[in-house]
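Structures incoming, each one as structure tokens.
Consider the two complexes below, in which subunit A is the common component and subunit B and subunit C are the respective partners.
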Partner chain A sequence: MEQRVASRAGRGDPAGTGGGSGGVAGTLVKVVALGTIVGLAVMLTPALVGTQQWAFLIVLWGIVAVLAVTYATRRFVPAKYLVPGTLLLVLFVVYPILMTFQLSTTNYGDGTRTTKEVTISRIIGSAAQQVEGARTFELSVGSEGTATSGPYTFLLMDTGTGDIFAGTPDGIRELDPDTITVEDGVITAAEGYTLLDRRQVNELSQQGGELEGFAVPTEDGVITAQGFSAVELSSPLEYDETTDTITNVNTGAKYTPVQSGDRKYFTNADGERLSDQSWGENVGLDNYVRAFTDPRISSDFVGIFAWTLAFAVLSVGTTFVLGLFLATVLNDARVRGQRAYRSILLLPYAIPGFIALLIWSSFFNSEFGLINNMLNLDINWLGNPFWAKVAVLLANLWLGFPYMFLVCTGALQAIPADLKEAASLDGATGWTNFRKITFPLLLVAIAPLLVSSFAFNFNNFNAIFLLTEGGPFSPDNPTAGGTDILISYTYRLAFGGAEQQIGFASAISVVLFVLTGVLAAIQFRATRTLEEVG
Partner chain B sequence: MTQVNPQAGQVTSPSDLTDPAQRGETSKNSPAGNKMSFGRWFREVGWRHIVGIIAIVYAIIPILYILSASLNPVGSVSATSVLPQTFSLDNYVALFTNPDRPFARWFLNTMLVAIIVVVTSIFCSALAAYAFSRFRFKGRRGSLLTLLLIQMFPQFLAAAALFILFTSIGDVLPAIGLDTIAGYILVLLGGALGQVWLIKGFFDSVPRELDEAAVMDGATHTQLYFKIILPLVRPILAVTGLLAFIGVLGEFILASIFLRDNEIKTLAVGLYGLLDADRTNNLGIFAAAAVLTSIPVILLFQYLQKFIVGGITAGSVKG
Partner chain C sequence: MRNSTKRNTVPSLAVIVGLSLFITGCSGGGAAETAEEPTEESSEQPAVRGDEDLIIWADPVRIEYIKEIADTFAQENGITVGVQGIVNTRADFITANSAGNGPDVIAGAHDWIGQLVQNGAVEPLQLTPDDLAGYSLTAVQASTYEDQLYALPYAVESVALYCNTEYAPGTYASIEDVIAASQPAVDAGTLDVPLILQQGELGDAYHMQPLFTSGGGYVFGRDAEGNYDPTDLGLNKPESIAAAQKIASLGETGANTIRRSISGDNYLSLFTEGRAGCMVSGPWALPDVKKALGENYSIQPVPGFAGMQPAQPFMGSQGFMVASNGKNKTFAQEFVTNGVNSEESMTQLFELSNQPPAMVSVREGITDEDVLALATAADQGAPMPAIPAMAEVFAPLGQAWSAIIGGADPTETMNQTHETIAQAIAG
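Coming up: the complex of A and B.
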């Protein structure tokens, strides 16, 4: 029967183009929606071509093509239902995951964000000096796109000769003065360019802006901005591509790339660095090798992995045991007010997690915290690695038990009463009844939820970060804290601390992807969920 | 065919489920009814109440503490106890009067993100779930399992890649780049298929005869889906919507990477920053914000309570 419906559906008329008023409206909606999307893509195209963002252009028109093929034709009926979510999934989950794999083979991070070419031109540019008689220019900045999109061009008027040039990082060319408007000695308009006002120029010239370090190479050196004028500087440094060497023509010193850690610096024979600027490079599997062989990191890694597993297992275990216990105790028709119990026990689940976690972190304050005060304890909860682990588990128990309670209640209620009755008639006591009948049946229903709960806790960043921030840290090891799980450790490598090590953090992320996947697959196989997919 | 008993354990409220199962038990175990002696009542029922009350105390202490802290004008950890000693709305007033912590702004941002993400996700998930439930196509099983696997990975694991991706998107389209709410919404929409499995379980329980009848009556695919099938599964849409809502509300890491400007923060990042700035002394204001944030969620939970139990178990149990 399923097959019949399916094939009928496959041949069907998905958008109702066959007639009927609903069909007309449907077609209209479809045409308008597709039209809007194509229109948007057309609108974006010039800007993308202008800035040479070919990858974006391809992705953009790829999306349009997929949508058009799916919705403008009558074929691929299941695809009509699957495409919207799948597109989002591919763009913002699958693609970033693949990109993470790629990043994990690079040394990308602080100090290595630029390419080698850009680094070299920056090093050469930063050594540039103004020589006597050098040309100076009045500077305006033009954009070939909009004021914010770029690409940008320096519009330069020689203060000596009045000649006008357009300069980009690729070089300089003279412009026809007829295409230029000059007022009060400043270029105010130029054909083919949108001119930026001074505020816009200032913004873009700030740290991280597109105009920061903007340099126009010339025959004698390089033109750079100095406020709203520009000067031609010449650098004593020269780069030779064939020998991969930067030479200082004044002193004759030669600098070649020398490896230091995961990156290279231009260094001379005495080991002196020309600059602390390095560049991004493929490092192959070095990050993985480092994670598993660098004794410092790998010992952290093993310890953190063990605690991550323990944390996930214990979190699921404790919440499940407490939830099941409460569900079993309260799920008895003779207990009055079950609804009230359930409403109140649901509350911790309804409080947004980040709030609950932050409040719990204040409970563990060793001086004034609620727990030490109420129970008359004197435990340094968050300062001692052992007690911090206990604290994390205690807080997570509170957050997690209502979910397990609800789920277990649901599962218990779905177990047919006659099964238990039959067992009781056979003389089974309450405990045997529970152990032999209720529990196994319940487990069949709950196991998949336990697995997803495990996977969730395995990567439960919030529980760790909001409670302890991974701490406590020992003074000699600021990167791995006492309660760090793999994901919070990765976060610190990638985004925290003094130096971002995105390449290395990505490698750990990939290891985490694999671990999560493998663990989940093993558990699902064990719970037979996979076999049930019909 | 896979569903033997399509209606059981689905949208039924817990109380409905309780009754038939346990009425039988009651009549068998306590034929004497009211005449049960206290000792026996206690052994069989009374102790359950004691356990229940202990559980309630455990569940409720932190919540009382939040309430109490929000009403305490001193607002420090040391001055706060579980039961309110003072009653002052200073903290609540402070929330709305200090432009450095624009609570109302954060609240609106969060709602904006949540509504767009929840509606879009449920829409996409329901569409996909319907396809998985009704059509048999090549790669169906594989896709379902892939979805399940991808769901296991927190999106945050690819945070560095997302950061780079949205930096370059922002170069072309600043409106959806880094540090914009729109960009953040797009990132979260990557999980738009997150509820497919739960919803599919429900579609499976809607008899296919219904589809056939509607098609015979001349309904188009679109009409069948939007006018007939979708209204039938409204309860699970509500539950999955609630779960997605909670997810967005609690999303902290990606927001902390993507939303750095104070004006565009969500509650999770904003309130974290607020408390983290001075953990011992900002507790009162944080608690006031926590109360205002939690009330709508708690009300929603209570309102949808009867669907939740059936909802979360159903999708996982059925393949």
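Coming up: the complex of A and C.
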């Protein structure tokens, strides 16, 4: 069926203008555009290969192939219209959703960003300390061949005694000072060695370079470079792969991975952690299980969900009523200076929401705020859970009504005047006219916008976070505040504490995504009946 | 009927799609290009390192003087240096470093270290005791985490007491004296409040810390080497509860000095408009205070309650750290352990930034009394705990202070807060 429609669309385009297949200029544009795309892809390929991003590489060339096949041939005319939109949809909507879901099955976050191997080497490396009476050295690097070939040697001058040594991964030996030239406390030449300049040393020490991890063993530990100095270090920790144990050779303490929450830590028999570093793992659906079973979440969930719904419904309701009222009043031809009024009413829409919300937050200050001072009130707007909710709704009303005013004005002007006239001739009063004619027709146009406005306010993080940060809180429950909606609440759960729990936050996002989707679907179903009226 | 509808729909559908195609990029090629660039970007991090031999990331407000000191190092070593201002320095650094496109050196506050170490993002620095002897002891303690030094400190900061000398001209031994100095002006209606200590509806544990410690309270205990112990949470100890009661006596149901209506949004304007006698704030307030009050202000360490412990604000230390995954680690280590680690560089950094220096000998040449007072205040503080558990403390403890100054029972509130934080730390 789709095929038929598609082919018909193709035939319905005899001049071929849409596909750009007619005329020399069209062909030229097409060739240049496709050439640019292929050129870009070729340009990006080495970088992607270099960083081993195979998935991106495949996707990149997949996109190029699809574009080339679609636009270089004449076979897929309907696809020429559909491909760009579909590509954008996949890249910006489908791909992020899939990525979020994939993340939600891991424990990714603070302390779990690295693999286990990297974590172990970091734990052991950062335990290395200077041994008692450790020596420090001025470091120059010499090569027995050319500067780029090696083998390389650390030429070390003891900063205490001035003795000079040659250190290699095999060990350290003292050098005859007569074979060495020292200038300004730095070795500048040595017989039998080509000295490297600082930039060369830096380059060879980079990842994969020959000096990366270069260590000279000594009796007490190893000498490693630190900039253009060298220090003698020893780490008390050793890792044994077969038993998966890190042992502190000084104290004899043994640390093995022990599960704690969604991750493992190296822990000893007394339950003491060796380090706060853990590593990334797949945890399956654990994050979802936690979202639904964590007592902290479930005890607050019902109240917060109810307020989230109330907030979204009331925000949409109040802004719509006020916006519609103002639009209707200003739509009357008898009003003078319509344009001026409309411009002024749109002002809140022109001020960035971020700034407006912060200003409103200071308006609500109980002692120094504009509202209490001007109206001579003594309301603790942001400290009392009830008034804080009112404050949030008021500020959101101010922010949101211009939008409703705008769309209602547009919709009102689109309603044919003869309908009203006819109703008036039949004896309808202004109110009946509005109720029976104007409003139903208006709703047809506005209802989808109300639904999207609801979905927006359902997740209106800014309005809550910039005004009240979810507060006020009671001391016995610092995780759920008086004005918290689901998104601000979960943001605090995932990012407010000690650790960024990105995996868990992703799981919550997926749940919220499904929830908002279901609510929107129900509402669209409900508004469909309105369209029948039209 | 159905058929004719369809005939109408198909061309109009084509027009709509064609239009959207036109809008998204004028031609097929254009649309595809816009689609492609973001793919590439989304695989990268929001902040991306530059191409120089040594890349330093810092908060944008600090890059000017860091750039100067880095340029000196670059000239001495014959290399190029790039200093990039990153707004969200800590979080962006952790992400970029783990992805392998982060900087070589990061400049930041010492209390980041716990989280950075937890993510394996920074490397310890190996400096001898002789090297560190020149720095203020609290700054070295602050930069040390789990017995390793992670940052080379260059500036210290903590809250201090700013006074408007028109109303509070003296040097005060206790917080009661501070309040008494300008209470008459408050009673007469010329001032709004004798002492500004910002709390707001959500509370502010950072600014309350001097009074909390003066009352005898503590957040985390410290071992002999000065390391904070996350298992020794002290909020429900008798001393901490006594301190909370002392604070409550200054709250809205007591002296009404510390109020929830004074927050981070309005504290500075209240003081600079001359509506308060004194204010507890940090070095960041100095430029505005100087501009508004001219000569009529003084700075001194925050005094404690009369007859109780000295006040110990949270002290912060700014320092340079070496990234674990930086490309040019050799230059990074050289810059941190050698380049900036000298009296000459530290003096230069102070002259450019005017921040209280961490190196003691640099302070000897300073004549600016404000800087010296801020440095003294910082030395009297205790390092802000860098352990990850500290992040579980700030919000609940702040909320407890907000409740207590609002009139909640101090004992009950502190016990509840202790319980909540202990649970959160245990996971």
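As a working rule, the second predicted complex is superposed on the first by the 280 of 534 C-alpha atoms of A that agree within 3 Å, B and C clash if a C-alpha of one lies under 4 Å from a C-alpha of the other, contacts with A are read in each partner's own complex, and residues count from 1 in each chain.
By definition in this document, a contact is a pair of C-beta atoms (placed from the backbone, for glycine too) under 8 Å apart; a residue touches a chain by one contact, two chains touch by 3 or more.
The structure presented is a predicted model; accordingly, all values stated were derived computationally and were not measured.
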| item | value |
| --- | --- |
| Which superposed partner A:T516 touches (first subunit B, second subunit C, both, neither) | first |
| Partner chain(s) touched by A:G125 [first = subunit B, second = subunit C, both, neither] | second |
| Contacts of A:L233 with subunit B and subunit C, given as first, second, both or neither | second |
| Touching partner for A:F305 - first (subunit B), second (subunit C), both, neither | neither |
| First (subunit B), second (subunit C), both or neither touched by A:N365 | both |
| More subunit A residues in contact - subunit B or subunit C | B |
| Touched partner set for A:S260, first subunit B, second subunit C, both or neither | second |
| Which superposed partner A:F92 touches (first subunit B, second subunit C, both, neither) | both |
| Touched partner set for A:T114, first subunit B, second subunit C, both or neither | second |
| Partner chain(s) touched by A:P478 [first = subunit B, second = subunit C, both, neither] | second |
| On subunit A, the residue positions that both subunit B and subunit C contact, one per complex | 5, 8-9, 12-13, 18, 20, 44, 51, 53, 56, 78, 80-82, 84-85, 88, 91-92, 358, 361-362, 365, 367-369 |
| Contacting residues of subunit C [partner subunit A, same complex] | 6, 10-11, 13-14, 17-18, 20-21, 24-25, 27-33, 35-36, 38-40, 43, 53, 77-79, 91, 94, 98, 100, 114-115, 117-120, 123-126, 128, 146-148, 192, 201-202, 259-263, 265-266, 270, 324, 327-338, 388-392, 395-396, 399-400, 402-403, 406, 408, 413, 416-417, 420, 424-425, 427 |
| Complex interface listing, subunit A residues touching subunit C | 5, 8-9, 12-13, 18, 20, 29-30, 32-34, 36-37, 40-41, 44, 51, 53, 56, 59-60, 63, 67, 70-71, 78, 80-85, 87-88, 91-92, 110-111, 113-114, 118-119, 122, 125-130, 134, 136, 198-199, 201-202, 205-207, 225-229, 231, 233, 260-261, 275-277, 358, 361-362, 365-369, 382-383, 468-469, 471-478, 492, 496-500 |
